[in-house]
Amino acid sequence: EPDPDPLQDFCVADAKSPFFLNGAPCLNPSLALSSHFTTSALTKPGNTKANPFGYNVTYLTLANLPGINTMGLTMSRQDLAPNGLNPLHSHPRASEVTICLQGALLVGFVDTSNRLFTQQLGPGDAFVFPRGLVHYVYNLDSRNALAISGFSSQNPGTQIASRAAFVSNPLIPD
Amino acid sequence: EPDPDPLQDFCVADAKSPFFLNGAPCLNPSLALSSHFTTSALTKPGNTKANPFGYNVTYLTLANLPGINTMGLTMSRQDLAPNGLNPLHSHPRASEVTICLQGALLVGFVDTSNRLFTQQLGPGDAFVFPRGLVHYVYNLDSRNALAISGFSSQNPGTQIASRAAFVSNPLIPD
Amino acid sequence: EPDPDPLQDFCVADAKSPFFLNGAPCLNPSLALSSHFTTSALTKPGNTKANPFGYNVTYLTLANLPGINTMGLTMSRQDLAPNGLNPLHSHPRASEVTICLQGALLVGFVDTSNRLFTQQLGPGDAFVFPRGLVHYVYNLDSRNALAISGFSSQNPGTQIASRAAFVSNPLIPD
Amino acid sequence: EPDPDPLQDFCVADAKSPFFLNGAPCLNPSLALSSHFTTSALTKPGNTKANPFGYNVTYLTLANLPGINTMGLTMSRQDLAPNGLNPLHSHPRASEVTICLQGALLVGFVDTSNRLFTQQLGPGDAFVFPRGLVHYVYNLDSRNALAISGFSSQNPGTQIASRAAFVSNPLIPD
Amino acid sequence: EPDPDPLQDFCVADAKSPFFLNGAPCLNPSLALSSHFTTSALTKPGNTKANPFGYNVTYLTLANLPGINTMGLTMSRQDLAPNGLNPLHSHPRASEVTICLQGALLVGFVDTSNRLFTQQLGPGDAFVFPRGLVHYVYNLDSRNALAISGFSSQNPGTQIASRAAFVSNPLIPD
Amino acid sequence: EPDPDPLQDFCVADAKSPFFLNGAPCLNPSLALSSHFTTSALTKPGNTKANPFGYNVTYLTLANLPGINTMGLTMSRQDLAPNGLNPLHSHPRASEVTICLQGALLVGFVDTSNRLFTQQLGPGDAFVFPRGLVHYVYNLDSRNALAISGFSSQNPGTQIASRAAFVSNPLIPD
């Protein structure tokens, strides 16, 4: 819901444009191809060993799916190693709905009055993370877990509060 | 993207409210429970024999997931029998991104200048259907197919043009 | 209502810009002229013989009325020959209000639960077509009919479901 | 463009509701009738003698066309006596496009840098008044004039600056 | 509230861009600096002698605070000489909240049914001016007054109805 | 920018309504009073001893300023003791602009790529905190500090990541 509405059928992001604006410039619509609206970016598991938490999120973005520009949503796949954790983070520009496909996920969000809403998800179960609120996903299972999420913006952004607090560039002064 | 933005952390739809408005009235937020944000509605395959086309779509709605109210998105699962077809239809209030989980899907949309954009999807492949444009999903596979979709509105609506044309209630006069 | 809000008094569409974005780039505002905000595009009846249905719709667009860019609405004139039909179509990005100026119009839309809402309009009567829903306008009169419509987007788009289904380019495979 | 997007096919304003909210509460959608989407409110000329300026504007509103609720636009008819003037006014919540049907209209708006954009309109000519800017319509003709307008909000509101300045209730203190 | 939502963390206005669009083009985000998000533009009182009314408003704009682009709000300082008046004006694209820091302010707005809402404000008191409605601020005090305002758009615009009526360029014809 | 647009001049929040919706129900507009649009809630310093950090933020809310409902913005005052800190937090539904009135403020935000943007502010200086991103305000001065902020939503919400992480109710499981 946070995104401006489209003013034409589509606005395929122009990867070669040197211009920046709110969202992205588009290709001449007469040059739009079916391939601009499709991607295989989510076919392979993300590498859960790339970080100490044992998780990986792959997003559909303007880079791998240029047809998503102005569409007002995106999706992602989330891979978690056994006992992997997608640590407390927020998406500044989107609400999220996550569907567990595999694994046993312990999920939760904290609202602005500091209440925790939490649930355990098995395959097929879904959960809502309201816009901008911190949340987490933990794999209780001894096998890999997989989840698909939808987001209410083409570019939700992700902020991991603990990283922002302690390892920003430059560092936040004490 | 079409939805109004949320004006509070969440607004859990009140299933017992006798009032109607744009969207849905909410529960007193102090009564919100974790269970309002979760659902098992997508855990089971839809019945693809309920219609002659061999497909079934199950949506997350205010009825099965009241926490989705004001979140600006929803999701669905789409089951297709072998050679099942989700026939030409449009969503008047949302763009859609579909991820194929199983099967071999032939998908396509037609834009307002009557161009067809089409693609074949295998497991993990994704495709964009721009807001309000007619589109279809066909399972080329001899096995059941399954896809997950995200939508840029909490209530995208679905209109099957051929049904609207020929079997509306009452019928459109000749 | 679907359009992003304006961020300045006006943003006259720049017909010569080689750039594409959501909506249209604008002229330097210091070059805006009164003529950019006016048009005679609707002064003449559309040719109702250009198609077998006997209707013609002329829209105000960025091409004939560049001042309409970012204004969040457009208008059209609709001409119908005696017994002319504007066949079942939808506007993916706008609601429409039609005012009958001449003729006897049988109008209707079908909602997403397949209910038909229909009415007969004489001169001065108005009717609402909700966003994205299929609808039609038929001239019951033995004389030409004329109607004026307003739309809730600067570029509502028009999709005739039957044409999309049967004569897209390329054709939808059987 | 200023209005929130619809979250359902329609939300027919409930004239009997005792509740107030942003927009209007709706009827149970199962009670919606074709008549809620149509009106004859614009069939008759407004009384141009009701004020000293010789003009009258009749709007489509929730009262005469309840189906317009959440649709994001409205329309009006504007009658002007010979040499009638719709004096300098603004619409706080909408842009406007006016189509002259009869008469010779001198129209204009003033932008926030105090530039005047003005034009003379004959039958069929259209003009854009950007959101919130003061504008006027004057009938140069010795016969009655008639114009149809579209607005980018269901409730644009009208403020006549000179009346607000001099005859508000209570009066603005000197 | 009137502005489109941001589609990235920020979109610092590019002061050197030759392109115009709804809002402003941005710098390559990798070139954004802390200085783009800060300004000293409000540190000094505006010159209340620059006009006969004895007031001056200084806005945060894309020129003095380029980081405000796409943020959906701006702020201003308002200086009033003893008995200075910010005369009847409207902001076509924003609501406003004013906080009195110094002086005794008589403030008011007139709604579209011509009701006046008025109040006297001392230091720390706040008042709401709804979007697009004419309003005024008068300093009852024999000393200078100062107020800070927030606006619900990055570019609210200001229109002084009396100036638009009588000294537009060119003049509105009699 | 995140809020839905107003559909009437104002919608004064009805503090006695038993109903909940996105935003708040309003009073019958004929009962609106000047006092609904004004407040003294910001006249007194907040108690900076109420927490160990030495800061206090007072917001304009529907409770103390019911006229702000549907206006799309709010404001706050922020008091900081000598060396007081408003610790790392985010506003899930709004961008913020802060103006320093007193003190020497060290402010900063971290973007989603973990870059820190920071600045020192003296009286009159302003700074932008983009929507949803974590940020902080620290008073370098040995005297109390005071700042006024504007927000692009009537209810921005505040989330202090460290509190959400460690003292939610119930606690997030280890």
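Per-chain numbering from 1; labels A, B, C, D, E and F assigned in written order.
Here is the rule we go by: a residue touches a chain if its C-beta (ideal position, glycine included) is under 8 Å from a C-beta of that chain, and two chains touch if they have at least 3 such contacts.
Please read these numbers as outputs of a predicted model, since none were measured by experiment.
Undergrad: By label order, what chains touch chain E and chain F together?
TA: Common neighbours, chain E/chain F: A, D.
Undergrad: Specify the angle of rotation obtained when superposing chain B on chain C by their C-alpha atoms, rounded to a multiple of 5 degrees.
TA: Angle of the fitting rotation, chain B to chain C: 180 degrees.
Undergrad: Using C-alpha centres only, name the chain that sits farthest from chain B.
TA: E
Undergrad: Examine where the copies chain D and chain F touch and state whether the two sides share over half of their residue numbers (same) or under half (different).
TA: different
Undergrad: Let me spell it out: compute each chain's centre from its C-alpha atoms, then which one is farthest from chain D's centre?
TA: Chain centre farthest from chain D's centre: A.
Undergrad: For chain B versus chain D, what separation do you get between their C-alpha means, in angstrom?
TA: 37
Undergrad: What whole-number Å value describes the gap between the mean CA coordinates of chain A and chain B?
TA: 20
Undergrad: Give me the residue numbers in chain F that touch at least two other chains, ranges are fine.
TA: In chain F, the residues touching two or more other chains are 2-6, 9, 19, 21, 23, 70, 92-93, 108, 112, 118, 130-131, 133, 153, 157.
Undergrad: What graph shape do the protein chains here make by touch: line, ring, star, complete or other?
TA: Shape of the chain contacts: other, as it matches none of the listed patterns.
Undergrad: Between which chains does touch occur?
TA: Touching chain pairs, listed by label, come out as A-B, A-C, A-E, A-F, B-C, B-D, B-F, C-D, C-E, D-E, D-F, E-F.
Undergrad: How about chain C: which of its residues touch chain E in the complex?
TA: The touching residues are 4-9, 11, 14, 17, 19, 21, 23, 25-29, 69-70.
Undergrad: Could you list, by residue number, the parts of chain D that touch chain F in their complex?
TA: That would be residues 2-4, 19-24, 92-93, 153-155, 157 of chain D.
Undergrad: Over in the complex, which chain C residues touch chain B? Could you list them?
TA: The touching residues are 2, 88, 90-93, 106, 108, 110, 112, 114-116, 118, 130-134, 136, 157-159, 161-165, 167-173.
Undergrad: Under the touch definition given earlier, write down the residues of chain B that touch chain A in their complex.
TA: 1-6, 9-10, 32-35, 37-44, 60, 65, 67-68, 70-75, 77, 94-95, 97, 99, 101, 108-109, 111-113, 117-119, 121-128, 130-131, 133, 148, 150-153
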